[in-house]
Amino acid sequence: MSTIVLVSDDDASSEVMSVYDDIRTTRGTDFINNFWRALAVNPALLSSTWYHLKSIMTVEGAIDAKTREMIYIAVSTANACSYCVHSHTAAAKAKGMSDDEHAELMTIISLAASTNQLANGFQVPVDPEFLVE
Amino acid sequence: MSTIVLVSDDDASSEVMSVYDDIRTTRGTDFINNFWRALAVNPALLSSTWYHLKSIMTVEGAIDAKTREMIYIAVSTANACSYCVHSHTAAAKAKGMSDDEHAELMTIISLAASTNQLANGFQVPVDPEFLVE
Amino acid sequence: MSTIVLVSDDDASSEVMSVYDDIRTTRGTDFINNFWRALAVNPALLSSTWYHLKSIMTVEGAIDAKTREMIYIAVSTANACSYCVHSHTAAAKAKGMSDDEHAELMTIISLAASTNQLANGFQVPVDPEFLVE
Amino acid sequence: MSTIVLVSDDDASSEVMSVYDDIRTTRGTDFINNFWRALAVNPALLSSTWYHLKSIMTVEGAIDAKTREMIYIAVSTANACSYCVHSHTAAAKAKGMSDDEHAELMTIISLAASTNQLANGFQVPVDPEFLVE
Amino acid sequence: MSTIVLVSDDDASSEVMSVYDDIRTTRGTDFINNFWRALAVNPALLSSTWYHLKSIMTVEGAIDAKTREMIYIAVSTANACSYCVHSHTAAAKAKGMSDDEHAELMTIISLAASTNQLANGFQVPVDPEFLVE
Amino acid sequence: MSTIVLVSDDDASSEVMSVYDDIRTTRGTDFINNFWRALAVNPALLSSTWYHLKSIMTVEGAIDAKTREMIYIAVSTANACSYCVHSHTAAAKAKGMSDDEHAELMTIISLAASTNQLANGFQVPVDPEFLVE
C-alpha cells in the first residue's frame, strides 16, 4: 500500500523518457531528482508540470534566475515543504546564491513571518493610503 | 471590546513618539501606517519591532532593497497576511518594482505553491544528493 | 448565490434555538455571535460543534480558561483566521487577559513564527536527544 | 525526554483497549496505526477523537466514503501534515481511489494552491455578486 | 499607489478581450469575476492561468466537476484564501452542490484540520505499513 | 551540495563560541541543540536570533515560562514546524508541563484549527460587536 512510487529510467514509458530527456538537456546534467520521478506515475501530470515550470524558471524574464530560486525558497519555507526547500536551495546555490545571500534570505523570511503574525494577530486594518491610486 | 486600537500622534507617549519620529526620518515621509500605530499600544513591542525591521530592511546587505521587499511579499502571500501584502507591495513599488516584475513575482509564488503541494501530496522523499556535500 | 447565511432567532428551528439557548445560558449573555449563526444552516453541525467546544473550553481542566483562549488566539493567528482572532481576543479579554499579556502573547507568536521559518528554511535535523527517553 | 510515546496493546489500559477494539471492529483489520497509539497517552483524547472521526468518516452521508478521504488528503496536503497524507492516501486507496483519480486530485490541489496565491497576492476584492442571494 | 487594478472590458486590450471572450463562452455567462480582471494587468499571466485552469476544471476527467470544486474549496479554506472560498463555493453550488453536501464538506475539512494538528503536535511517526507495497 | 551545515564547538569561531557559551550559561546545560548549530553558519544571524529569543523567553514577564513554551508549541504545530515542535515540547516539559497539560494543549490546538476552518470555510463576517469599544 505504498504511497510513494519513483519511476526509474528502466521503468519509464517513452512519454516519461521524453520528459526526462528534456529535463536533462535543459539542466545540463544527467541527474533527475525524485520530484519528477514521483510525478511520472502520471505522464500527463509530469509533462504539464515540467513544461510549465520550465517556461517560468528557465527563460529570460524580469527577475534573474538566482532571485527566482530565492523567491521559491521563501514560498517553500512558508509552506513547510521540506522537499522543496532542499531542492530549491540546491538550485539557488547552483545559480550562484552565496552563503551571505542565503543567510540574509533566511533573515528576511523570518522577519516577514514575524510581522505577518503581528498584523494578523492585531487584525490591523489596511490603510486607505494603500488602496487608492 | 475593540480588538483594534490605533495610536494617533496626539495620543502617543514620548516613547512612542520617538519611534514614530525615527520611522518618519528613516523613510523620508510623514506617513505612519497602521501597523506601527497598532503595535504602539505596547511601546516596547513597537520599539523592538521597528528597530529589528529597520536593521534588516533599510541597511546595505547582500540582497538589494527592492528584492528584499519582493521576498517579503512572497512570504506574506503564502502566509495569507492581507495587511502585509498591501503594505509591502506599496513598499516594493516605491523601491522600483515594475509591473512586469510584480507579475513575474506572482507567477513564481503561484508556481512554487503548486509544486509545494505536489511534493507534499506525493510525499516525495528528499534525494540523498541534496543532503551530501 | 450568497455564500453566507446567518440564522436569526426568528428563523431558527427548535433544534437551533435549543443550541442558542444553551450558548446564552453557558455564557451568561444574550449575544450570539455570527459564527454560531452561520453554522446554524446545518443544525447538526451547529450542535456538534458547540457541544464539542463547550466540553473543552468551559469546563475545569489542567489549563485555566484565560490561557486556553490565549492558545486559541495563537493558533488562529498562525492559521490567518480573521474571524477567530477577533472572537477569541474578545473572549480572552472577557476572561481577564490584560493588555500586557496580550502584547506578550503577540510577541511570543511572532517570535515562534520567525524561528519556525529558520528551522524549516535551514531544514534543521531533529536532535537525537529530543527523541529518546 | 521523548516527545513521542506509542501505546502498544500490552501497555494499553482497559479504556484504551476498548477504543482499539472498536477501531479494529469498525475497520475490519487488526492493524492500529501510530496516530491512535500516540493519542492513547491520554485515553480521553483518544476516545473523543476516535468517536468523533468515526461519526463523520464511517457513516452514510451526503458525500461518499472515497471522496471524503480525497478531501481529507487535500486538507492534509495544504496543511503540510506528512503523517496525514500518508494515512489518508492509504485509506483512499483502500476505498477505491484509482491512480488516475489520485493524480487528478493532486492536479486540482496544486492548481487551487496556485490560484489561492494569485488571489491573495493581488488582494483581489470579492465580487458583490458572490455576496448577494 | 493602488495595489489592486481591475481591467474593465473598456480598458481591455485585444489579447485580454480574447481571454474574456473564452471565459464567457466556456462558462455560458457574461459575468467575468474580479480574479480574472485582476490578472489582466498582465495579459500573459491572465492567459496562461485561464487556459491552465480551463484544461483541468472544465474537461471530462476521473473526478466529476462538482467534486473538483469541493476539493478546491477544501484547499482554499486551508490556505485562508477568502476570495477563492467565495468564488469556488459559488461555482460548486452552480454545479449542484447541495446544502447538505456543503455542510458535510465543512465538517470533513474541519475534522481533517483538527487531526492534522494532532499528528503534527505529537509528531507521530509514519507507520512502516504505509511505506511498503 | 549539502543544504545543512551544523557548526560544532571545534569549528566555531570566537564570535559563535561566545553565543554558545551564553546559551549554555543561560540554560544551565552543556547541550547546544541543532537549531543554534545551523544558524551558526552566519554568526550575526545566530547572535541576533539568540539574544532576541533570550530577551523574550528567559526573562520575567506577564506570562509564565511554561505557558510561553506551550504557546510556542501551538504556533509551531499550526506552522507544521517539526523541529520546533520537538524542541519546544522538550522545553515545556523541562519547565514543568505535565502530561495532562500537554494533552489538553493538543486538544485546544486541534479544536482551534477545526473552528478556524469553519469560520474561513463559511466566510463568517466579523460581528460589529467585536469591533467597537
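Each chain carries a letter (A, B, C, D, E and F) given by its place in the written order, and its residues are counted from 1.
Throughout what follows, a contact is a pair of C-beta atoms (placed from the backbone, for glycine too) under 8 Å apart; a residue touches a chain by one contact, two chains touch by 3 or more.
The structure displayed is predicted, hence computed values, not measured ones.
The chains in contact with chain C and with chain E alike are A, B, D, F. Ranked by how far their CA centres sit from the centre of chain B, the chains are topped by D.
Farthest from chain F in terms of Cα centroid separation is E.
The distance from the centre of chain B to the centre of chain E, with each centre set as the mean of the Cα atoms, comes to 26 Å.
Rounded to whole angstrom, the centroid-to-centroid distance between chain A and chain E, based on C-alpha atoms, equals 21 Å. Chain contacts: chain F has residues 1, 3-4, 49, 52, 75, 77-82, 85-86, 89-90, 100, 103, 105-107, 109-111, 113-118, 120, 122-123, 129-131 touching two or more partner chains.
Across the interface of their complex, chain A is touched by residues 3-4, 6, 31, 33-35, 38-39, 49, 52-53, 56-57, 61-63, 67-68, 70-72, 74-84, 86-90, 98, 100-101, 103-105, 107-109, 111-116, 118-120, 122-127, 129-131 of chain B. Residue ranges on chain E touching chain B, taken from their complex, read 1, 3, 41-42, 44-45, 49, 75, 79-81. Interface residues of chain C facing chain B in the complex, by the touch rule stated above, are 80, 85-86, 89-90, 93-94, 99-100, 103, 106-107, 110, 117.
By the touch criterion given at the top, residues 1-4, 52, 129-133 of chain F touch chain B in their complex.
Residues 73, 77-78, 80, 82, 85-86, 89, 105-106, 109-111, 113-118, 120-123 of chain C are the ones that touch chain A when the two sit in their complex.
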